[in-house]
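In what comes next, chain A is part of two complexes: it sits with chain B in the first one and with chain C in the second one.
Let's turn to the complex of A and B:
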């Protein structure tokens, strides 16, 4: 199970998932609200993940 | 891609809130000509955290007040104000050697990204409390559509103030990037700053939108 860091809540959770899309679905997070990062690279929702990957969900911020 | 030489003399700044006013102030001090674009008026809640305004400015156009203030800081540069909302019909006002995005919404950001795409550099900035995002979109780099899935606005500055320290750090970064532009190695990285933790993460960006994939 990949470990996922969720920036918004500042927590790390283990999630049983094979893709970024599944991670978001299981955590009930809207894809438009986060940047999906795998090993320091922005990736698409279709990207496959394993427990060896470092996964981060960074909040989209838009203030200026 | 071959490296490209940039000669930055005139810079358009879109959005003159916490980030935009701080960045404009520093650029004026560094002798860049400026085009200031913002349709908003100064509000009382802006005074404490936005570098260019005071109480007497409440109700006035930010772009015009900023022009006046910056001309007092540096008399020799050219400063033009555009108190207009950026729309698909007036993107020509962006024309400059570099555009800096300091807006609070993704709709305006996508307009800038489209205008600058494969033409001129766009410096994208965004902030929320202690967090900030910084990305230099050079003509051959992935565009903002490769980063953001849609134009919904999650947490614009209207919902929560930006830490002025975040704005100061972003202005410092912007100046360094602009000064370094002639030698920039076209690093396709988005920077994520956390002022509270004093960290900067570098995130690799790849072409993923239809337009950028087509241009490969």
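Let's turn to the complex of A and C:
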């Protein structure tokens, strides 16, 4: 299960998922609201993920 | 599937399902900003433009692009203005990012603080006032940005407002039946001309919040992807959530809202130009449609609570 760091809540969660899209679905996070980062690179939702990857979700909302 | 223009890995998929790699996304983004500037005639020769800089992704992005354009064309000048409201653990960090960015690109930066100009930080005001943070902050930030831009002798104030911000504002005004406020929106704000009112331009008007975040990330700007601690409490936050849910289910929703609004904007401005009037606040001299401006009224309210 890949480990996912959620920057907005500053927490790391283990998620059973094969793609970025599945990660967001399982965490109930809207794709409009985050950048999906895999091993420090920006990737699209269809990107495959494995346990070895370092995954980060960066919040796109700043609020001023 | 690779980028539509080359064999590189995509970093972004457009609504139309077109895939773009890092360099083609950057090109697409910058071209769209230029298109927006031209389409809405946002910049003229010899303009003196001040960019409202918060240190976040939107304002840093637009400051960077306008600064590059200014160096390339030499048709207008650019500087930055930061309003420090005094939000602990947020503005202090983004302010440091802003200072470091302006120093890196040799952009003149002016910092104005709530504490010095108004007597209180936003955090102090929130302990006293029952109003929501964004309602207080919105009024004072607009007030100080206008005052600061005039002090810097600018004739335009560029802001990092993006398509999401505009779609949210349009809906908020619809929900509150506030057409006159909508008439002030658009890529160039304001209905009436007034020598004390610095018109705001929004070169990111046609780009979404996510696209802007992608650009800022890919350009490796020294910024933090953090949310203002007060943002969750605002009406705007609820509208943002509704819009993001709609966009996820029905891609293109935000563009449709803004494009439909643009089709009606000139009628709205025309209609309210006959009904509105701008004069000077009798207390501070800033432009207002009332006798005393919103900022002076709000500040008096806060001071009167303190006296009790």
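Remarks
Please note the rule applied: the second predicted complex is superposed on the first by the 60 of 64 C-alpha atoms of A that agree within 3 Å, B and C clash if a C-alpha of one lies under 4 Å from a C-alpha of the other, contacts with A are read in each partner's own complex, and residues count from 1 in each chain.
The working rule: a contact is a pair of C-beta atoms (placed from the backbone, for glycine too) under 8 Å apart; a residue touches a chain by one contact, two chains touch by 3 or more.
Source: prediction; values computed, not measured.
Shared-chain residue A:18: touches no atom of chain B or chain C.
Of the two partner chains placed around the shared chain by superposition, chain B and chain C are both touched by A:31. Looking at the shared chain after the overlay, A:1 reaches neither chain B nor chain C. In the superposed pair of complexes, A:40 makes contact with chain B only, with no contact to chain C.
Contacts of A:59 after superposition on the shared chain: both chain B and chain C are touched. Once both structures are placed on chain A, chain A residues 7, 31-33, 35, 41-42, 44, 58-64 are touched by chain B and, in the other complex, by chain C. Residues of chain C that touch chain A in their complex: 9-13, 19, 22, 54, 56-58, 134, 137, 141, 209-210, 212-214, 217-218, 225-228, 230-231, 234, 237, 240, 244-245, 247-248.
On the chain A side of its complex with chain B, the touching residues are 7, 31-33, 35, 37, 40-42, 44, 58-64. Per the touch definition, chain A reaches chain C in the complex via residues 7-8, 30-33, 35, 41-46, 58-64. Residue ranges on chain B touching chain A, taken from their complex, read 15, 17-20, 101-106, 109, 125-128, 131-133, 146-150, 152-157, 159-160, 162, 190, 192, 201-206, 208.
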